[in-house]
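Pasting in a structure now, in C-alpha cells, and then I'll have a few things to ask.
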Amino acid sequence: MELALYSLPFLWQGTLITLAVAALVAVFSLVLGVLLGTLACFGLSPFRWTIRIYCDLIRGIPAVVLIFMVYYGLPVLLSFPINNFLAAVVALTVFTTGQVTEIARGAIQSIHFGQAEAGKAIGLGFWSRMIYVIFPQAVRRFLPPWVNNLTDVVKGSALVSLVGIVDLMLAIQQVIGRVYEPMPLYIVGSILYFLINYGLSSASQRLEGHFAYIRE
Amino acid sequence: MTYHINYNFVWQYFDKFYWGLLLSIELAVISILIGSIIGFGLALIYVDGPRWIRRLIAAYVEFFRNQPLLLLVYLVFYGVPSVGGFKYSPTVSFIITLSVYSSAYLVEIFRSGLDAVPRGLLDAGKAIGLSPWQRLLHVRLPTMLRVTLPALGNQFVSLFKDTSIAFVIAVPELTYAAKWITTNKFRIFEAYSVAAPMYLVACYAMFAIFALLERRFAARR
Amino acid sequence: MTAATASNDPVVRIRGVGKSFGSNRVLNGVDLDITRGEVVTIIGPSGSGKTTLLRCVNALETYDEGSITLDGVEVCYRDANSRRHRKERELSAIRAETGMVFQMFFLFPHLTAAENVMLGLRKVRGKDKAEARAIAERWLTRVGLADKFDSYPAQLSGGQQQRVGIARAVAMEPKVLLLDEITSALDPELVGEVLAVVRQLADDGMTMIVVTHEMAFAREVSDLVVFMDGGRIIVEGRPDEVLQNPSHERLKTFLSRLDSTRTRERAS
C-alpha cells in the first residue's frame, strides 16, 4: 500500500510522457507517411525511388539503432547537441514513417484506377481527387494496419527510456531503484501498457465500424 | 570542435561486431524456434479446442502482443529471479523472453494458416487411412506453411531486429558491440555506420531466404 | 484561350491525331469533326483505337501527333505547334468541359447518388451545397432515379449506376459528352433503360461521341457513324449508308462477325 502510494505519482508522470511521445510520433508519422505514400503512388520516378529506398532501409534497421544513431550520431555530425526528447521523437518518427508510408501506399493502390479517372473526367485537380475521391475510400484499407502500427508505436516508445527520457518504462526502473521491489512494479507497468494499447485497439474498432458503409 | 571520422577502433574491435552479429542471429533463431513450437502448439489447441481454451489463448496473445519487449526483458531478467530466488545468465533470460514474446505473434500466424487448410483435405487424409499424427505432418503442416510463409518471413525479420535490445541486460550482441565502441572509444558515428548496414544485410538475407522458400512452395502447387 | 463560337464551327475538331503505346501504333492519323448537337458513333473491332480516341478528347490520354481542339482550344498542349504539355490545373479545366461516362461506371462508392453528381458541381464549378443538390436532383430525376438520391452505388443495379454516371457527367453541362461502351458491362435486360436516357439526351440536342457495339442503337440515334480499324478511320457516313449497305470489305466482316457473336450469345 505504501509502495503504491509512493510510486503512483512517478508512474503517472511516466505514463503521460509515454503518451506524449507516442502521440507526437503517431501524428508526425501519419502526416508524413500519407504524404510519402501518395507520392510513392503518383510522384515522379525519382521521388518514387527515393521513397522506396527509404522504406526498404527502415525495414532492415532496428528502432534502437536508429534512436542511438540520431541521439549520439547527429550531434557529432552537426557538432551541436540535440535534446534527447527531440532526438527520440525524430528517430521514432523516421522509423514509423517508413511503415505508415507502406500502409498508405497499399491502401491507395487498392483503389481502382478508374476512380481517379472518374475524378479527372469531372475536372477535379490532383489534390481534390485525393481528398474527395481516393482518401475517403482508402481509409477503410488503411485503418486496420495503421492501428496495429499505433500499438507498435506505444510499445516502441519504451525505447526512449534508453536515452534518458523518463517515460513509463524509465519511471518504473527509477522507482525500482529506490524501493527494490522489481516484480510488483514490472507487473503494474505491463498492465498499464496493456491498458493503453487495449484501449487504442478497442477505440479503433469503433472507428472502423464507422467506415463500414463504403462498399465497392 | 570538428569531428574527424576515424574507423581505426571499429576495425580494431571488429571481432566484437562480427561475434555480435552472430550472437544476434543465434538469439533470433533459437527464440523463434522455441516460439514456433509454443506458437504452433497453442494454435493447434486453439483450432480444435473448447471455448474456454480459446479464450485463454486469445488472452495470452493479446497480453504479450501489447507489451513493450523492453519491459518483458527487464521483467524476466530482474523481476522473475527476485521472486523465485534463482539466477540465470542474461543470454538464457533473453532467449526465454523473446521465445514467449514471439510465440504470441506466431500463434496468430499459425492459427490463420490452419484456418486456411480446407476441411476436405483433412477428410481426404482420413479417407486414405492416415493417423492423426500423419495427417498433421503430411497434410496440415505443409498446406499451412505455404499460406503462412510471407507473414512468417516478415515476423522472423522483425524478431531478429528485436534482438537489438538484448544489450540492456549486457548480452553481447551486435548493438552491444556498437554501444561498447561508443562508450569506450567514443567513435559513435563509425560504430553505428557499421552496425546498421550489418543489420540491414542480415535482414535482407532473411527476406531473400523466405522469398526462395516461397518460390519453392509455389512451384509445387 | 481563344474560343471560336460561330455555331457552325465544330465543337470538337480532330486533325491528324496519332498515338503509340511503345511500338504499338494505336492511332494513325485520325481526322474528325463533331458539330454542335451532333451524335457521332464510333464502331470498330477491339484494339481499333476507338476508346483511345475518346480518351484523348478529354485528355485522359495524350496524343503524340496532330491536334484535338475543343471549341477552338487545344486539349493536351499549350499550343499545337510547340507541343508543350498543359499543366494539371489546365487539364482539369478542360476536362470539366467534357463529360465522360465509363464502361465500368466508376461511381464513387463512398458517396450517395446525389453526392456523386454534386462533387464536380461543388469542387469544380464552385456552386454552393443547396444549388448543387438542386441540380443533382433535377438530373437524377431526368434519368429516372427520383427515388434514389440518397442511395449508395452498392445499393443500385448496374443500369441505375450507369444512369447516375450519366447524370454526373451531364450535370457539369459539358460541351461534348463522351460515352465509352457504356452498356457493355450491363446485363442484357438493363441495357434498354440506359440507352433510353441517351436517346433522350440526343433528342435534347446534346453533342455526343459514342463508342458502342449496339448497332441498332447506333443506327437509330447517330447523325454520323465512323468505322475505325487499325488506328484509322476506314469508313464514315450516315448510319443507313454505313450500317445498312456496308461497301467496305473490313466493315462487312466486322458487322457479320458482330452478328454471329450476338446470335451465339442469344443461343447460349
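As written, the chain order gives the labels A, B and C, with residue 1 at the start of each chain.
We adopt the following convention: a residue touches a chain if its C-beta (ideal position, glycine included) is under 8 Å from a C-beta of that chain, and two chains touch if they have at least 3 such contacts.
Not measured: the values here are computed from a predicted model.
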item	value
Label of the chain whose CA centroid is most distant from the centroid of chain B	C
Identifier of the chain whose CA centre is least distant from the whole-structure CA centre	A
Length of the line joining the C-alpha centres of chain A and chain C, rounded to whole Å	45
Distance from the mean Cα position of chain C to that of chain B, given in whole angstrom	56
Approximate Å spacing (C-alpha centroids) for the pair chain A, chain B	22
Touch list for chain C against partner chain A, complex	58, 60, 88-89, 91-100, 102, 104, 106-110, 119-120, 123-124, 152, 154, 168-169, 172
List of chain A residues in touch with chain C within their complex	112, 114-115, 117-126, 128, 132-133, 136-137, 213-216
Chain B - residues contacting chain A, complex	1-3, 62-63, 65-72, 74-75, 78-80, 82-83, 157, 161-162, 164-165, 168, 175, 178-179, 182, 188-189, 192-193, 195-196, 199-204
Interface residues, chain A side, partner chain B - complex	57, 59-65, 68-69, 72-73, 76-77, 79, 151, 154-159, 161-162, 169, 172-173, 176, 182-183, 186-187, 189-190, 193-194, 197-198
